[in-house]
Amino acid sequence: MMSDIARSSLQLTYDGAALALQAAIAKAREINVPENIAVVDAGGNLLAFARLDGARFLAQFSAISKAQTAASLHMATGELPPQFGVDLAFATGSRSINLPGGLPIVVDGQVIGAIAASSGADPDDIAIAGAGRDAVLAALKP
Amino acid sequence: MMSDIARSSLQLTYDGAALALQAAIAKAREINVPENIAVVDAGGNLLAFARLDGARFLAQFSAISKAQTAASLHMATGELPPQFGVDLAFATGSRSINLPGGLPIVVDGQVIGAIAASSGADPDDIAIAGAGRDAVLAALKP
Amino acid sequence: MMSDIARSSLQLTYDGAALALQAAIAKAREINVPENIAVVDAGGNLLAFARLDGARFLAQFSAISKAQTAASLHMATGELPPQFGVDLAFATGSRSINLPGGLPIVVDGQVIGAIAASSGADPDDIAIAGAGRDAVLAALKP
Amino acid sequence: MMSDIARSSLQLTYDGAALALQAAIAKAREINVPENIAVVDAGGNLLAFARLDGARFLAQFSAISKAQTAASLHMATGELPPQFGVDLAFATGSRSINLPGGLPIVVDGQVIGAIAASSGADPDDIAIAGAGRDAVLAALKP
């Protein structure tokens, strides 16, 4: 049976990633927090990225890492016990990181991608990533 | 004298990078070539990125490397003699790469950033990056 | 409008970086602390470096990392909560580090570069980096 | 006998490195070639560095690699057969590189350090590194 060998899965498209990115940028500008914002697919590959003027340049790396971690963990980033987060960072060659601001985009129980913001305070990063995720979820509603 | 210690220089903004990215995406769709497209600032830090549906996912890395190389070299990428390109890649820890498709964005003789496309045939990558660069240059014309 | 696409920004020159380095070296010798001293531009690229006789050689790396971190964070290094500093180091591929001794060079609210010292006790590193930064700020005063 | 267990060796000091750097900078400015210039000690650790305005920023890495390679090889860089250069780059984790512009500083048959320039054409890189090396050799003459 085909379903044993291959299965259909929902994938975030570039247009979906761009929609998330634009909504996150709009939120960042609304609350006046310059951010690095990254959107990845369910496999952790980068789909869309923006670094707004004034955002910390090293956060280009953490934005991508947070999005990859959220896609892999199937949950918001930054919620692991600290020591487990450190151990996981070592165990994954610094790919899995434990900072808030990364959110999976989950549809019908399936992770289709993830979005993260990095450069602001934690609540700002989370709110901005959330605005991006919510724009995708709203667009997918029947 | 102040001009010895610091100098004023033109910098590509995120809006400028987004303009370049959108023009490059439009060109990629017009000629039906899925691409990874990266825009960096003059110091090589990522400003904007898109991976279109169907683009090779490992080319996310080459798109960024090409853009950084173009910003550093102050010239189009992929024009070095092959052996020199290889030696330069080693010498820069794989940062400087010798593949076509990266173009500096030059205003009044000054590099303000760079754009690159990666995933297509060389002429397509170059045309798509060129569309992005030209959109910035056109917008900056008085 | 041009200001949306590109903006003018102040950049530390090599001469500015050399001025900072010389002032930091003078301070290090005055208080007899051998140091690694690094000056980077606003995008984190190395402009000037010195390792004084007797300075710890592995601190060549931490001096550069501290300067890059200060340029990115727009603030002095080493002031983050310890666990956040560790998580940020992982999240940025060890680029963002949480050790004192890195200071941004800020002119009119804009980061134009950063300087860091590494090898001494924290207060010495900070004083030596501060001497370098202050030399630039003094030279830029009208 | 002490000479079996430890030996006296001549070491380039920071002042020696700074002398080499200044002479190389003077040469680069004389022939109007913006460069990245690196000086390392006999063990390959960075002593002094300068990136002149307009020099390619990725060449910050190749300048350091060339200087380390010259110190290790005890000869000018870029003179190996191409394939051997590639194999050596792989074998050393990209530390040993095969591009001209790195010169050992040799006193009484002993390598006391090395200097390299990177960003210009090969003859310029070599001339500029040579000016730095020669300044040290001249200063050491009785």
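Residue numbering begins at 1 within each chain, and the chains themselves are lettered A, B, C and D in the order written.
Throughout what follows, contacts are C-beta pairs under 8 Å (C-beta built on N, C-alpha and C of every residue); 3 or more make two chains touch, one makes a residue touch a chain.
Note that the coordinates shown come from a computational prediction; the quantities given were computed from them, not determined experimentally.
Superposition on CA atoms relates chain A and chain C by a rotation of 90 degrees, given as a multiple of 5.
We define each chain's centre as the mean of its Cα atoms; on that basis chain B and chain D are separated by 31 Å.
Centroid to centroid, with C-alpha atoms defining each point, chain A and chain B lie 24 Å apart.
We define each chain's centre as the mean of its Cα atoms; on that basis chain A and chain D are separated by 44 Å.
Shared interface positions of chain A, defined as residues touching 2 or more other chains, are 53, 57.
If the chains shown are joined wherever they touch, the resulting network has some other arrangement, not a path, ring, star or complete graph. Here the chains touching each other pair up as A-B, A-C, B-C, B-D, C-D. Across the complex, chain A meets chain C through its residues 53, 56-59, 61-62, 65-66, 82, 85-86, 89, 94, 97-99, 118.
By the touch criterion stated above, chain B contacts chain D in their complex at residues 7, 43-44, 68-69, 71-74, 83-84, 86-88, 90-96.
In the complex of the two chains, the chain C residues touching chain D come out as 13-14, 17-18, 45-53, 57, 60.
Residues of chain C touching chain B in their complex: 2, 4-13, 15-16, 19, 41-45, 107, 112, 136, 139-140.
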